[in-house]
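Structures follow.
Look for chain A in each of the two complexes below; its partner is chain B in the first and chain C in the second.
Up next is the complex of A and B:
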């Protein structure tokens, strides 16, 4: 009986992930902003929208803004609590990455970042002098022993019950200790007024997407916690054209590929492909697993790495 | 001790001591000009901070990789220098070493000024200084920053007490003697002197309190610099991830603090004409002390660089090569040689421990100590575990911006202003203690 329930819930979870993968291309919550941006050159362009009482109205595309209905308190509370029963993990298959960088741009779009600001960064790696170079997407590792949250003086960055490490830019004092503490260089700082600050200034702050970004505070990868709440895969995972990313729940032992929608057993995937975590000797216990870049699906087409890049 | 230059025995009476020490406080024209100059510098550089406040930390040279820069280096330097208060007036004081009597107050003034500004420098470095109270409201005691806030405020408080309490008898004299002082100052002397008239009972109580504080400040002083080192050592970065950072920083702090004290001693001696009080003996002894602390620091440097340099572990290797013969070599070797090794060699010679030569050597030591902090903070941030890629060119290097340099000048000017003001309103050499140490009878009228 108990087993059946857990099977059911897993099926439901996988189903919803499958649906969201299929739907992601069609109704991304931020596609409206994209449309609004594309329309800036043609100010007169109007779109038809259905109001709540059933009337069809026309609105200038430039006027479209994303909405968040929940008040700040509610968003902050549920954002700090996390999603009960979940334990999110990501698997990155390095043999499939060809540096398409769709993950990076999808992430920057979602989190209102500039082109030089990376929550996820595709790095050209070469482990030793005579080893093969490869591309390595590097999001926040969402460590289970996070060096960053330990040092935060105000509990602005914290780890929630579902394993995600978030940053609260309503509380962050901008001391940047967490940036210094992170061995994966996963965190960024808003040194100046964030991108489109004026446009988003009236938006209610959503801690699970860390938008709108704020000047003088730290920002980081959040596994798209806002999308997870809607049973969608993270932006980077959905955006990948090459099947690099798997994302899912360690409690369910299931991860879904963001490109193919295929769901596999997490433990089997790791075991059969010699999965590993980055710099495990540091004891940070990352939640992002890597599959080694063997039998690459794409040739390495990066600049040949010079030593200077390999700090 | 016997080989020391015999100081000229001038016939000092209590009246003469009072006059010599109190006179320059009120009759020094240059001092007021100097204060005006410092205030001007602070105002101009305050404008730079205003721009930083308005436009964000983007006006600095810091970016995502080098996210701690000049300000943090300054912070470590200021905390380091402030440790001289604990070294001189507490450790040496508790050991009842008598030659420190005329310079202990200068040491305390330096300690108070530097630690107060160190606390401010951290706020100058914050991305959201408007949220500084979050540290109280949402403070997490697991964070080393909370430990730093705690020990710095404690050290500032105890240092200020160690400045004021031993000064109470002197303040009672100021109240009487400084007839030209403004009414506000007279009131201040009146309040701070607490009605002290040097009765045996008052004397006993006062010295009991001072000794308690002198003991208390030893662990606090050790704590401020140890905790400051932990801001770095608590991370997993190459160059910071080391276990000796606590004592290494404390040893370095004694070097920086002693050098700063020697420089201050020289300027007070010359400007306040205190040659009879801050004598060649004090410079000679301070020179020996500086050699001792430099040798300890050298020993720590040997451990800190030779051992990982021998192993050349992955990660450490790039960092160390950059320091030893890469982009940071000039700064690294200059701070080691000019700031430590050469001063040791020179100062073992008696003739270099004369006031002027030792002051010049101390300038090098102090500058070296500052560059040493810079070399501790910035190169490590440039050498993270993973490669720096897909970011603009200015993320890969770090050069402090004009704004950052201006704000740095502001903090240094503020330190000098605090020292100057304190030395203008308070006697820089203890009057009563000096008289007592020379066996001259002290009389304080009610």
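Up next is the complex of A and C:
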């Protein structure tokens, strides 16, 4: 009795297996015929293409499909992980800044920001009544003890292993706790539809550049993390005409000037020029270092919108 | 009549004024400054040093001398510093302008040393067609050679690099090439760090030794990528040797996320937060369950009392 039932079930299984394999065969042969037909239709036009490993191949033009955008998941994953072994730092030499504002426009271009939105902003500073005024570019400080990531209720803003503090606009719910927590006012909020929203609506979101920007979320300086992946300096650093910015890897003890391309020892640069960080008393441990505005390359011209300053 | 004279005078003034504006490049230099002479001789060493400083501080705006590839700035574009109409100026005039700056041109009075400024002027003078005579000829002359070779010896014990530059003379003898500047460059993320030191010129044997910095970090094994090359391609073409050397300080990159911290990831929350949070949740639930059990017990208690 027992054997019979087991036999039955085996027979049933074999039957259904046969049917499904047969069906699959028919379907696949159909599709093969279809493909062959398509291939024989217009064999005329062949296109030369370079494969990823550098081989030149010929492909039938009929078989060409548009490339799939880099999938969001992959971008999100590598954006969270960061670049292993690196520890990025920036040094800003205040004695060289003359408020040319090239850093700001390069940044706004890169991150699709309007002219009134700043990931980096050049401020006119005067510390006290009788001290000399100076210009100070202020990006996100990418703190080693960031107050902003502590308060995020949805794990949208985070610090990566290479020291960069990023924000994931896909996760951000727009509560703006991080804006309140940041002592450097480094973050902005997209109150309205971002610039060129219509133009970029089909672009895959890149967490390392915060583009396309999303309405109702927070955005901030990212040290151009997408450019760093290609061993390029951040947009602001390479746009500066006056040699204000140095950028590099603290693990390598070297920073490179974006204007001159000169690479110097980070520790020596800080030591010899009395480098400091902003509001170190808060214990935020910033990764952006400033060199004091001593021996200036330009005379201070206080008028922010002075034509002479803007070229 | 008076009015017309006034008008003409006004027009004349405007004309003069606009003339001086249009001639904004007409940068007046005091006579005392014009007379200054370059105290440094135009040796190839000085010219090469000047070229280095030029590339760092001037090239980003002025471009390469004589190439006219300066930044297209408005309203006044930077001058081509190798052009003859610039080089008609005296050393002192150029020195004054470098020091003072004007408009978008920075003041280099304190940012680079006097010596460096004169070196740059010596470099610019090397493009001057009228003052070629001043070039010093007291430099070492290397024989004409073929098959120039660059050899690199690395001494890992005392962290020195020894480069040897040699070529074969017409007589078929391999000789060292003297007085050639070499660059010792260490690859970093965004550029090359120059570790050549003060005097990276080959001696009469064609040798040059460089001390590698004792505290420069390498990777986990202390390895760094190095390029040693003849600084100026004009001598023997592009000659360089790339090598991985184990001269750096072995450095283990610290991952800040390994540390338990408030700002870190969920998995790396501080122990005290995990303990207090889990403890709090457990305490609250146990109180609720305690109350529930007591309530279940109540009817039984009432029965037993009856």
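Throughout what follows, the second predicted complex is superposed on the first by the 233 of 311 C-alpha atoms of A that agree within 3 Å, B and C clash if a C-alpha of one lies under 4 Å from a C-alpha of the other, contacts with A are read in each partner's own complex, and residues count from 1 in each chain.
In this section, contacts are C-beta pairs under 8 Å (C-beta built on N, C-alpha and C of every residue); 3 or more make two chains touch, one makes a residue touch a chain.
What you see is a predicted model; the values in this text were computed from it and never measured.
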item: Side-by-side fit of chain B and chain C on chain A, or clash; value: fit
item: Partner chain in contact with A:84 - chain B first, chain C second, else both or neither; value: second
item: Touched partner set for A:248, first chain B, second chain C, both or neither; value: second
item: Chain B versus chain C as contact partner of A:193, first or second or both or neither; value: first
item: Chain B versus chain C as contact partner of A:172, first or second or both or neither; value: first
item: Which of chain B and chain C A:112 touches, first, second, both or neither; value: neither
item: Partner chain(s) touched by A:184 [first = chain B, second = chain C, both, neither]; value: first
item: Partner chain in contact with A:206 - chain B first, chain C second, else both or neither; value: neither
item: Which superposed partner A:138 touches (first chain B, second chain C, both, neither); value: first
item: First (chain B), second (chain C), both or neither touched by A:298; value: second
item: Shortest CA-CA distance in Å separating chain B from chain C in the superposed model; value: 7
item: Where chain A meets both chain C and chain B, residue numbers; value: 147, 150, 155, 311
item: Residues of chain A that touch chain B when the two form their complex; value: 104, 116-118, 121-125, 138, 147, 150-156, 171-177, 179-181, 183-185, 187-193, 215-218, 279, 282, 284, 305, 309-311
item: Chain A-facing residues of chain C, complex; value: 55-57, 59-61, 71, 73-75, 101, 103-104, 106-108, 110-111, 186, 188-194, 213, 215-217, 219, 251, 253-257, 261-266
item: Residue ranges of chain A touching chain C (in the complex, touch as defined); value: 84-87, 95-96, 98, 144-147, 149-150, 155, 158-161, 163, 231-233, 241-243, 247-249, 251-254, 256, 259-265, 295-299, 308, 311
item: Chain A-facing residues of chain B, complex; value: 55-58, 60, 62-65, 67-68, 122, 125-129, 131-132, 134-135, 137-140, 142-146, 149, 231-232, 234-237, 318, 381-392, 395
